[in-house]
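Two complexes, one shared chain (chain A), two partners (chain B, chain C).
Entry: the complex of A and B
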């Protein structure tokens, strides 16, 4: 009897459940309308990034750089970015001249004053001092359906150097935005106006070792090696890119870039030494490079998101008509630590072959070739970078990161043998450098 | 990219607006906003995500610094509660009363013996019966300022937490962006705040193998919740036991549907009706037919 009643009561009640639950839900949701979330202010369309970089080569160049970037993004894919970079370089850089068993004296690129290299030391031009201001403005806008356009202007000014550039690109989103194809074009015009003028390629460096009766005589001899006060170059770049979403956690990118530079491509501060059969330097002549260069670069990058980390692998292959071929392999892996910080180790390996006209020195018994440079950047070398980045979020939700990396560059000998005293001397400048970078986004 | 760190939101552009994805309450969460304005979408998605994370932080039983932990570790002493918690307790009380004790937030202690992971074992009768004295919402004493829970008993807000979070987030959206259609989906508990403008309805995929749900449910406004055991069940002596437990016996409900999907105004309503239908076992369909709501049962 009791059981029957119970069951009846239940089924009768059941019919009213929906209304009762609705009333209870409304009571709960109405009862505690709290103001949580009000302090979140999302009205800002602007985002700012700042950065500070210190770069130091052991005993050589050091640089400090400040970056300020502002991005205005009122709509998805509608973006304006303005960036200012200011860097300052000081220190010494290899002049290209060969080390000798005795000390050597050289004329500064400006013609004003001299620098010396101690016995056995690779000559370093110690007048490397410059401040560079770069400004960049870039607009990105939807062009038409599934196509985004981007265009920008770039301005870069150093004391003796001016660069102006324009760029434009289009990006097509295909197959539900899982693929993006992009094509871009940029054009830059650079003007060099070094203090002391443009040296006549392959002419001898005039060095005042007491042979000039007056300062004017030296100046006249120096001026005779100058062909102009300034020169310029033009660069055209074409970039083709393909970005492919492989699955929900993997993305891949392929880039091909073509670059053509023509005009004044020498470094007006670099010389190459002529040595005799005993390895003794008899002359230092200003370098000469071809007046055009065509480069091709192929790049592949893959990012894979694991549960608690992100892997980033990239490979670059580069080749140009100066005979340089290079490979770069980079591996970065970002690990999250808790909810608001991460650590990212970085490993990068770079190797390149020398340009056809690269020589650490020339033999004075042989004819001087049409093109010659002893700039180690055109030589054969490998570079290894080891780095660690630590990033964290402040209480206010802004992001900070600190990156410390170490770079070691080791040259390879491009010659089978060396004459006389050069067998006991360091021929190729090696390099160690440290980067310390701090970034803050707000 | 699907990868989402805790407290990280990923926003992608979709055909009809923007989709924000994040993780909360151990579930993947989606927030679809019908707008062309990225900033507006961002504001809404962050509003929704922050509300989900706030409620998770406050009521998750996996954390040891919240009100849920304070209650469950009070060992019989009086615990101070805030108005929001009082509201939830009142709601739980009403659900307990309405269901004649079948919906009981203290039944979570049964988790100590029941596991519905693959290869989990079937607990002995003795072990199950030992826990029954620790179950019973009527043993809890609370008023608007404080609560007393018997030692060893537990309250698990998980039974209503996700539904509550969806409704709270929806409420914030409706208050601040009354004209925007926003679809909020926290791990299958779903609500639309306003009818979409550019299309007649949202297409909502539901975790069910029913033929009539193959193409998904069309929803212009309201809530959809699904209760079910498609993944969480035990096979014992050839019989299938779903994860919905009867708080009075301590055993899984027999002959319950595999899934129950209910459409209602709020997630709290839809979720509770779906759970109560499961608790009705073989009578789930007849229970739901009496509720004048749209529903789908998969047997």
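Entry: the complex of A and C
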């Protein structure tokens, strides 16, 4: 009885939520929305997925992210999805500069103020702070017999970054829908407008150590290292996929994806240190990456249903013309616990080689190369993630899940030897992070 | 030496895969009434799109690789 009452209360509550969302959406989209009739009846054919993520690195960046996704699917393969993501990021991130036996002072990317690194510590830029709003809309419809079309728009805005993208794809069902071939195209245009402007690649970071008679003198010297207030990049992606039903309990997918990015690909906040033969830093210059990058990835995924569990395994091989190669293996295994809950251990292994122009630092006795970056994300490292997810159905039939994951990156040395003091210092920033995720679908 | 040993193996793997994809797919699969397990939401290739999106964002920000399962895309100033 209590259960019945509770589920009644819950469905009433769900209805109230639906009505509130309906009212809010109509208010947002205007009265024309009402003319669409059934589409805006949120008690019908709609499904809502929400998620919350906390991401925290030890002593560095932490982020919270909220996701709201609404899907209207009146018929199979006739679907509209709208998704909003809001995330907020704060903390410190490695600037690319090398650790030293003494403390160091750096200029913030904006030119306003400084940050310091204690003796022996990898310099972290402490001004990492951003809020991002992302919105996606995706329409999926039957195009003609056995062919489904899908197209969508993407918008993402941070204080200093804007990304707009369009995508479209077609999927052909073959062999009684046991095989599906899909082909998709996506185009994105991004604009970067960092506070303090775009630094001149390979120019020296101007640091006020008391050598400037006035603030204006420092500002003039800082401004001389800026070439523009904003820059942009364009990304074209092609995705070809083959999905194959193997038998009653196994399904497989093979994907090939091609991506070409061109334009401003530097990270305007990253520098690379120049060191002398004793390993002492004599200068820090802004990084410079090539202005185009072509990426290829091959992805294979298999899902298999055992009697009481589901295995999900995927492998990805990636290569690009920056010299980066990577392998990713992901394994998830969902075990049913009774009728209404499950537990899912997750494992992910990732390994990448360094970009050709990646260097943890440069020797000041040698000529500065055309391209150089000390961004560890372009270096050689492995990443391991271990996670555990627990999901359950509420009395009202809604789904909830909690996931806790631990992610650790371990860098590998790309050099055979290091000069002087660098032998006793940490050169590559390792990282570990924890993420906690909660999802709720109704 | 190693390469010459590997090469015939690679070639045969390619042929076995290629031939099985071209001829095998028509014999693989199930009848429409055998889709009970495949139709479960947990058996969808991406069974939790919210989680997949959050993971993509994390790894896109921290690693040099993106895409594979879906478009690599632009997206944010985090990389």
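Please note the rule applied: the second predicted complex is superposed on the first by the 399 of 442 C-alpha atoms of A that agree within 3 Å, B and C clash if a C-alpha of one lies under 4 Å from a C-alpha of the other, contacts with A are read in each partner's own complex, and residues count from 1 in each chain.
Assume contacts are C-beta pairs under 8 Å (C-beta built on N, C-alpha and C of every residue); 3 or more make two chains touch, one makes a residue touch a chain.
This structure is a prediction, so every number in the text was calculated from the model and none was measured.
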What is the contact status of A:324 with respect to chain B (first) and chain C (second): first, second, both, or neither? second
Pick one for A:251: touches chain B only (first), chain C only (second), both, or neither. both
So in the superposed three-chain picture, is A:168 touching just chain B, just chain C, both, or none of them (first/second/both/neither)? neither
Between chain B (first) and chain C (second), which does A:73 come into contact with in this model arrangement: first, second, both, or neither? first
By the touch definition at the top of the document, which applies to A:339: first (chain B), second (chain C), both, or neither? first
Once the structures are superposed on A, label A:290 by its partner contacts, choosing first (chain B), second (chain C), both or neither. neither
Figure out whether A:91 sits in contact with chain B (first) or chain C (second), or with both, or with neither. neither
Applying the touch criterion given at the start, work out whether A:56 contacts chain B, chain C, both or neither, answering first, second, both or neither. neither
Going by the touch definition up top, name the partner, chain B or chain C, that contacts more of chain A. C
Looking at the overlay, does A:158 come into contact with chain B only (first), chain C only (second), both, or neither? second
Once the complexes are superposed, what residues of chain A are shared between the chain B interface and the chain C interface? 177, 245, 248-249, 251, 305, 310
The answer for chain C against chain A in the complex is residues 21, 25-26, 28-32, 34-38, 40, 42-43, 45, 47-51, 53-54, 57-59, 62-79
In the complex with chain B, residue positions of chain A that touch it: 9-10, 13-15, 17-18, 20-22, 24-29, 31-34, 36-37, 40, 42-43, 45, 73-77, 177, 245, 248-249, 251, 305-307, 310, 336, 339-340
Across the complex, what residues on chain A touch chain C? 49-51, 53, 55, 65, 67, 69, 83, 85, 87, 89, 130, 132, 134, 154, 156, 158, 160-161, 163, 165, 167, 174-179, 184, 186, 188-190, 192, 233, 235, 237, 239, 242-249, 251, 253, 255, 257, 259, 261, 267, 295, 297-299, 301, 303, 305, 310, 312, 314, 316, 318, 320, 322, 324, 326, 328, 334, 342, 350, 352, 355, 377-378, 383, 401, 403, 407, 409, 431, 433, 435, 437, 439
Touch list for chain B against partner chain A, complex: 1-3, 5-7, 12-13, 18, 36-39, 42-43, 46-47, 50-51, 54, 83-84, 87-88, 90-91, 94-95, 98-100, 164, 167-168, 171-172, 175, 264-266, 268-269, 272-273, 276, 287, 290-293
